[in-house]
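Please find the structures below.
Next come two complexes built around chain A: one with chain B, the other with chain C.
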Partner chain A sequence: MKHEGKGMIKKISQRRKIVYYLLLPSIITLIIFTLFPFFYNLWASVQNYDLIYPNQRHFIGINNFIKAITNEEFWSTLKTTLYFSGLGVILQLLIGLGVGLLFGREFKGKNILRTLLILPMVAMPVATAYIWRIMFSPSLGIINYILQKIGLQGSEWIAGYNSVIPSLVVVDTWQWSPFMILIISSGLMSLPKEPYEAAKIEGATGFQTLKNITLPLLKPILSIAFVFRLIDSFRTFDIIYSLTGGGPGHASETLNINIYLNAFRNLDIGYSGALVIIFLFIINIITMFVIRRTGFEESILK
Partner chain B sequence: MRSWKGIEILKNRIAFIVVLAIVIIMLFPIIWMVTTSFKNSVDSMSIPPKWFFQPTTENYESILKNQDFINAFKNSLLVAGISLAIVLIIGLPGAYALERFNFKRKKDLAFWILSTRMAPPIGVLLPFYLMFRRFNLTDTRISLILMHITINLALTIWVMRGFFREIPYELEESAQIDGCSTLGSFFKIILPLSINGIISTAILGFIFSWNDFIFASVLAGGNSRTLPVVVARFIGYYEIKWGELSAGGVVAIIPAIIFIGFVQKYLVRGLTFGALKE
Partner chain C sequence: MKKSFLTIIISLSMVVLFTLSVFSAEFPGPDAANIDWNQANGQSIRVMACSRDAITYLKNIVPEFEKLTGIKVAIDDYPEAEFFRKIIIDLSSGNPVSDVFMLSHAYSTMYEAGGWLEPLEPYLENSSLTDKVWYDFEDYPAGSLSAVVINGKLYGIPIAPDTQIVFYRKDLFEEAGLLNPKNMDELYDAAVKLNNPPNHAGVVLRLARGAGTHWPWNGYIQNYGGSWLNTETKRPELDTPQVIAGTEMYLKLLKDAGPAGAVNYSWYEASSDFAQGKAAIFAGDANIFMSLFEDPSRSQVSGKVAYAVLPPAPDGNHAPAAGTAWHWGMSSASKSKEAGWLFIQWATSKDIALRLGVDTTEIMRNSIWQSETLKNKYPTVPDWIEASSATMNQFSGLYRFPRVKEFGPLADIVEALLQEMFLGQISVADGMAKAQAQTLEAMKME
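And then the complex of A and B:
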C-alpha cells in the first residue's frame, strides 16, 4: 500500500511537469496575440503618431483620449453602435425564444429544418452581404418590389440616413437569429421534465408555465447567448463595411468601423490606439455587468 | 383526454407550418443568390423579377475564367488549412492539459483564454499590421496564417476541452497501469476517441477562417488576396453585373453548404465555447 502511494506521488510530479509542456504553446501564442497588441495600443494611445508623418511621433499624454471624448463623431459612433447592437440582439433573442419554443414541439423534418437554419450563420458574410445589397436596391430590388405589390411603401434601405441601421439590423438578425434559435432550442431539451408535469397537474396555462418555469430555468442559457451575441455584435465588421462602408455619410459608422477608418484610412495610429483602449474598456464593463447580473460565470465555468 | 391529445397534435402541426415558413424566409436570400447566378444579365435585373427563366451558366464561366478569383480560392484554402493545422497542433495538447490536470489558478487561466476571444479583432490587427510592415510581411500568406490563429485558438481549446471531458478517466488509468505514458494516452486514447469532436471543431474553424474579411482586407494584397477580399472587390468591377456577383457568392459559400450537415450536431457547442452541449 505504502509502495503504491509513493508511486502515485511520483506519477503526479511527473504529470506536473508535463502539464507545462502541453499548455505552454497555447499560452505563449495567446500572450503574443493579445498582450502584445494590448500594450502596443496602450503605448500608441499616448503618442501623436500619424503614419503619414511617422518621424513627427511624440508623447502627448492623454490628449488622444481627450480628443475622443470631446469629439462629437466619437459620441455619435457610440450611439450608432448601441442602436445597432441593442436593437439587433434584443430582436434576435425574441425570435430565438419564439422559434426555439416551436422547435420544442414534435414534428417531422425537425432536424433537417434546424440544419438548414444554420446556413445564414456560416455562409461567408461578405458574399451574403452582396445578395442583400442586390435585394435592397430601391428601384430594382426584390424587397421593394414585394412591398409595393402588397400595397406597402418601399424604403431606401441602406441608402437612407434613417433606414440604414434598421436595414443592417435586418441583415444581422437574418444572420444571427439562428444562433439564438439553436442555443435556446437545445437548452429547452436539457430542461428537467418534473416541473412541467407538476404544472400540468395544477392546471397552469401555457403562458404561466412559460413565465414561471421555462424562463427561469432557461435564464443561464439565455444569458450565455446574450453575452456572446452582444460582444460579437459590437465587433460587427463584415456586413456593415461591405454593405455601407459606414455611410451614407456617417449614418452607419459604429465604433468598430470608426476605429478601422481612423487606423487604415486616416492612418492615425495614436488616435485609433486610444479608441481601441476605450472600446476594450466598454466591452469589459458590459461583460462584467452582464456576468454579475446573470450568473453567467457559474454556468460556463463548471 | 382524447380531445386534449387532438389539440396537442394540432399544435404540433401549427408549429411545423410556422417553422417551415420561417426557414423558407431565412433561406430566401441564399435561394435568390443561387437563382440570380443562373440568370443572364438582362433577366437578373428585370423588374418585375423573373421567377421562371432560361438558366445559363455564363456567370460561372466568367467567374471561373477570372484569374484573381482562382488565385483567391487557392489562397483561401491554403491560409485556412495551414492556420487550422497550427491551431490544432498547439491547441489540442493545451485543451487536454486544461481538462485532465489540476494546477493552481486553473480556472483563472481557462477564463483568461476565453476572454482573449472577446477582444475586438481591430485592436489586434493594427499592431500586427505595423509589425508585418516593418518585417516586409504585408501581402504574404504567412501574415494571414498567423493572424487567423487568433480567430480559432481559444475556441478550439475551449470546445475540445469539453469533448475530452466526456472520455472516461478509467480508460486512461488502465492504460497507464499497463505502462502507457501521459503522452501515450493522449495520442492513443484521447485523440482517437474524440475524433468526431476534432473534425467538427476543425470544420467550424475552417469556416471562420475562410470567411474572415477584416484581417484579410488589411493584410492581403495582390499576391495573397483571399476569397472574401476578392468577392468584396467584385462590386467595383462588376458593379451592376448581378449574375457574376451572385455566382462568385455561391462559390464562396460552398464550403459552408457542404459542411453544415456535419457540423450541425456540434454547432451549438462550438459557438458557445462548449458551455452548452446538445
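And then the complex of A and C:
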C-alpha cells in the first residue's frame, strides 16, 4: 500500500514534469516577446534615453511621466484618440447590431453576403489605406467625382482640418464593422429560442422583443465586441499612418501615432516608453470601466 | 555601280563607327584600375539602401562586381521612410548587420555624432586599395561633399543626387504668351494665370507631412535669403523676415494656384499630376523626375517640358537653391571594411557611374554631366542637363540645410506647421514663431 502510494506520487510528479516541458516553449515565447519588451520598456521609461544623445543615458525617475502629463501635445493627442475611437466604435456597434439582426433572419444569398462582408477585414490595412487615399483625393478621387455627379459638393476628406478624423472613421468603420457583425450575429444564433416563442404567444411586437429580450440577452456579447474593438481602435496605426501620417498639422495625430513619432522620428526612447506605459494604463482603466458598467463580468460568472 | 557600292560600304562603316563611339565606354572600366580586386576574395558584405533607380540598376549589375572580386554582396533596399527607420535601428544597435549603407546628407551629422561612421580618407589614400588616378575623386562637385566632411574627415562618397530644379509646361506657357519666370514673383504670376481647374492646376509642390516636404521648402526660404539654422552657430532662425517671406511664397503658390487637397501631396502625387498633364508648373523638386516626364509610356507631357534652375527671389540672388546628395557610408563596426570600400569604389567609379547615370539619370560626377554619351542619350533635353549640373555646382558652404543630429524632429516640426499655416489654422508669422520655439526646445537651446 505504502509502496504503491509512492509510485503514484512518482507518476504524478513525472507527469507534471512532462506538463512543464510541454509548457516550456510557450513560456519562453512569452518571456522573449511579451515580458522582456515590457520590462525593457518599463526600464527605458525611467531613463533619459535619447538616441540622438546616446552617451547621455541616465536614470531620471518619473520625469518622463511628468513631461508627458504637463505636455499640451499629450492631451491633444489623447483627445484626438478618444474622438477617433469613440466615434468609430459606436458607429461600428450600431452597424454591427443592425446588420447582425438582419443576418438573424433567413434570406436568399445570406452566406455569400456574409463572406463578402468579411473581405474588408482580411484585406491588408496598408494596401487598402493607399486605395482609400486615392479615393479621398479631392481632385482625382472617385468619391468627390460621384458626389459632384449627383449634385453634392465634395469634401476635402483627409485634406481638411476638421474632416480628417471623420474620414479616417469611415475607413476604420468600413474595415472593422464586419468584425462587429460577425460577433453579434453569432451571438444571436446562440441565444435560447424559448423566450422568443413565449413572446410570440404573448403577442409581443417586434420592437418589444428586440428591446426586452434580444438586447438584454445580447448584452455580454455586445460588451465583449465593444471592448475588443475599443482596445483595437485605440491602437490603430496602419490606417492613420498610411493615410495622413498624423496630418494635416497634428489633426489626426492619435496617441499611438505620437508614440511612434517620438520613438522613431525623435528617437526619444525614454519619453515614448513612458507614453506607452500611460497608454496601457488608460486602456486598462477604460476596459475595466466598460466591463463593470455592462455587467460583462457577472454574466460570465453566472 | 561600283562607286555607289563603295559609298554604301563607307557610309555604313561610318555609321557603325559612330555608333560604337557613342556606346563604347568613355571611361576605362575596373580592369584598368591598378589595384588587386581579388584581395578580399571570399568575404561578404551587406548593403542597406533606400529604394531608387540607382539602386535598382546597381542590384542588376552587382554580379559583375562579385565576379571581379569574389566578394559576395547582398543589397537590401527599402522605401525612404522605412529605410530611415531601419538604418537608425541597425546602426544604433552597436552591432549593425550593414557594412555599407546609403547616407543621407541630412542625417550624416547625427550618425557621425553616434560614432557610427567610418572615415573613408584612409581607404581613398591607400594605394593598394584605391587607384587614385583611375578613380579621380576630384571629379565630384566640391560642394557635394559638404555634408559628409565633418570635422575635417570624409565619411561618404556621393552616389545619387537630390537636385532641386523647376519643371514648366512649355506648351502651356507658349499658349498663354508667358516667358520662363526670372524670379519668384513671375513664377507666382505664371502659376496663377495658368491655373485652370479642373483641367490642370497652376502649380504642384509637396506639402504632405513626413514626405520630405522640408526639402523643397528649404530651397524657397534660401532663395529669400533665409536659413533654417545659422550656419555658424547652428541656432534656428525660423522667425526671420526672410524665412517668413520664402514660406509665404511657398504656401501662396499652393493656395492660389495649387491642386485641391494639396495638403496631402507628396512627391508621388505631385510628379504623377505633372506627368498626367494636371499641372502647369512643378515648382521645385528632384531633377531625376525628367526620366518619368520624358517617358511616353508613363507620361502625357513628354517633349513638352522645360527644365530650369529654381528662380531667385525678386530682390536679387541669395544663396541659391542647390543640390544635395545621397552618399555611400561605411559602418564603423563593419568587419569587412576593405571589401566594403572596394564595393563603394567600384559602384562610384566613372565607368559604372556613366552606365548608371545614362540609364537612370542619377548623376553626381562632373565628367558624367559633360559626357558625350549622356548628351547623345538625351538629345531633346539639353536644358535639363544644364539646369541640373548648374544647380549641382551651386553646392557650397552657403547651402543652409540643418546638419545637426536633431534633424528628424526638426523636419517634422516644420512640416506639421506648414500644413497648419496652409489650412489657415495659424498665420505664417505666428507659425514660424512657433516653429522657432519648438525647434529651440527640440535642440535643447534657450
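Going forward, the second predicted complex is superposed on the first by the 279 of 302 C-alpha atoms of A that agree within 3 Å, B and C clash if a C-alpha of one lies under 4 Å from a C-alpha of the other, contacts with A are read in each partner's own complex, and residues count from 1 in each chain.
Rule of thumb we're sticking to: a contact is a pair of C-beta atoms (placed from the backbone, for glycine too) under 8 Å apart; a residue touches a chain by one contact, two chains touch by 3 or more.
Model, not experiment: these values are computed from the prediction.
K.L.:
With both complexes overlaid on chain A, does A:G160 touch chain B (first), chain C (second), both or neither?
P.N.:
Touch partner of A:G160: chain C, not chain B.
K.L.:
Is A:P138 contacted by the first partner chain B, the second partner chain C, both or neither?
P.N.:
In the superposition, A:P138 touches chain C alone.
K.L.:
In the superposed model, does chain B or chain C contact more residues of chain A?
P.N.:
Between chain B and chain C, B touches the greater number of residues in chain A.
K.L.:
Which partner does A:R265 reach: the first (chain B), the second (chain C), both, or neither?
P.N.:
second
K.L.:
Of the partners chain B and chain C, which touch A:G247 in the superposed model: first, second, both, neither?
P.N.:
In the superposition, A:G247 contacts chain C only.
K.L.:
Regarding the shared-chain residue A:L23, is it in contact with chain B (first), chain C (second), both, or neither?
P.N.:
first
K.L.:
Touch test for A:I150: chain B only (first), chain C only (second), both, or neither?
P.N.:
neither
K.L.:
In the superposed arrangement, which partner chain does A:I52 touch: chain B (first), chain C (second), both, or neither?
P.N.:
Second partner only.
K.L.:
Between chain B and chain C, which residues of chain A are contacted by each of them?
P.N.:
In chain A, positions 133, 139-140, 264 sit in both the chain B and chain C interfaces.
K.L.:
Mind pulling up the chain B residues that touch chain A in the complex?
P.N.:
11-13, 15-16, 18-20, 22-23, 26-27, 29-30, 32-33, 36, 45, 47-49, 89-91, 93-94, 96-98, 101, 103, 107, 109-114, 116, 118-130, 149-150, 153-154, 157, 176, 182-183, 207, 210-211, 213-214, 217-218, 227-228, 231-232, 234-235, 242, 245-246, 248-250, 252-253, 256-257, 259-261, 263-264, 267-268, 271-273, 275-278
K.L.:
Within the complex, which stretch of chain A touches chain C?
P.N.:
Touching chain C from chain A are residues 51-54, 133, 136-141, 156-161, 244-250, 261, 264-267.
K.L.:
Show which residues of chain C lie in contact with chain A when the two form their complex.
P.N.:
85, 88, 92, 110, 113-114, 197-198, 201, 208-211, 259-264, 269, 273, 278, 405-406, 408-409, 412, 415-417, 419-420, 422-423, 425, 442
K.L.:
In the complex of these two chains, what residues of chain A are touching chain B?
P.N.:
11, 14-16, 18-19, 21-23, 25-27, 29-30, 33-34, 36-38, 40-41, 44, 99, 102-103, 105-111, 113-120, 122-128, 130-135, 139-140, 142, 145, 174, 177-179, 182-183, 186-187, 189-190, 221, 224-225, 228, 231, 234-235, 237-238, 241-242, 256, 259-260, 263-264, 269, 272-273, 276, 279-280, 283, 287, 299-301
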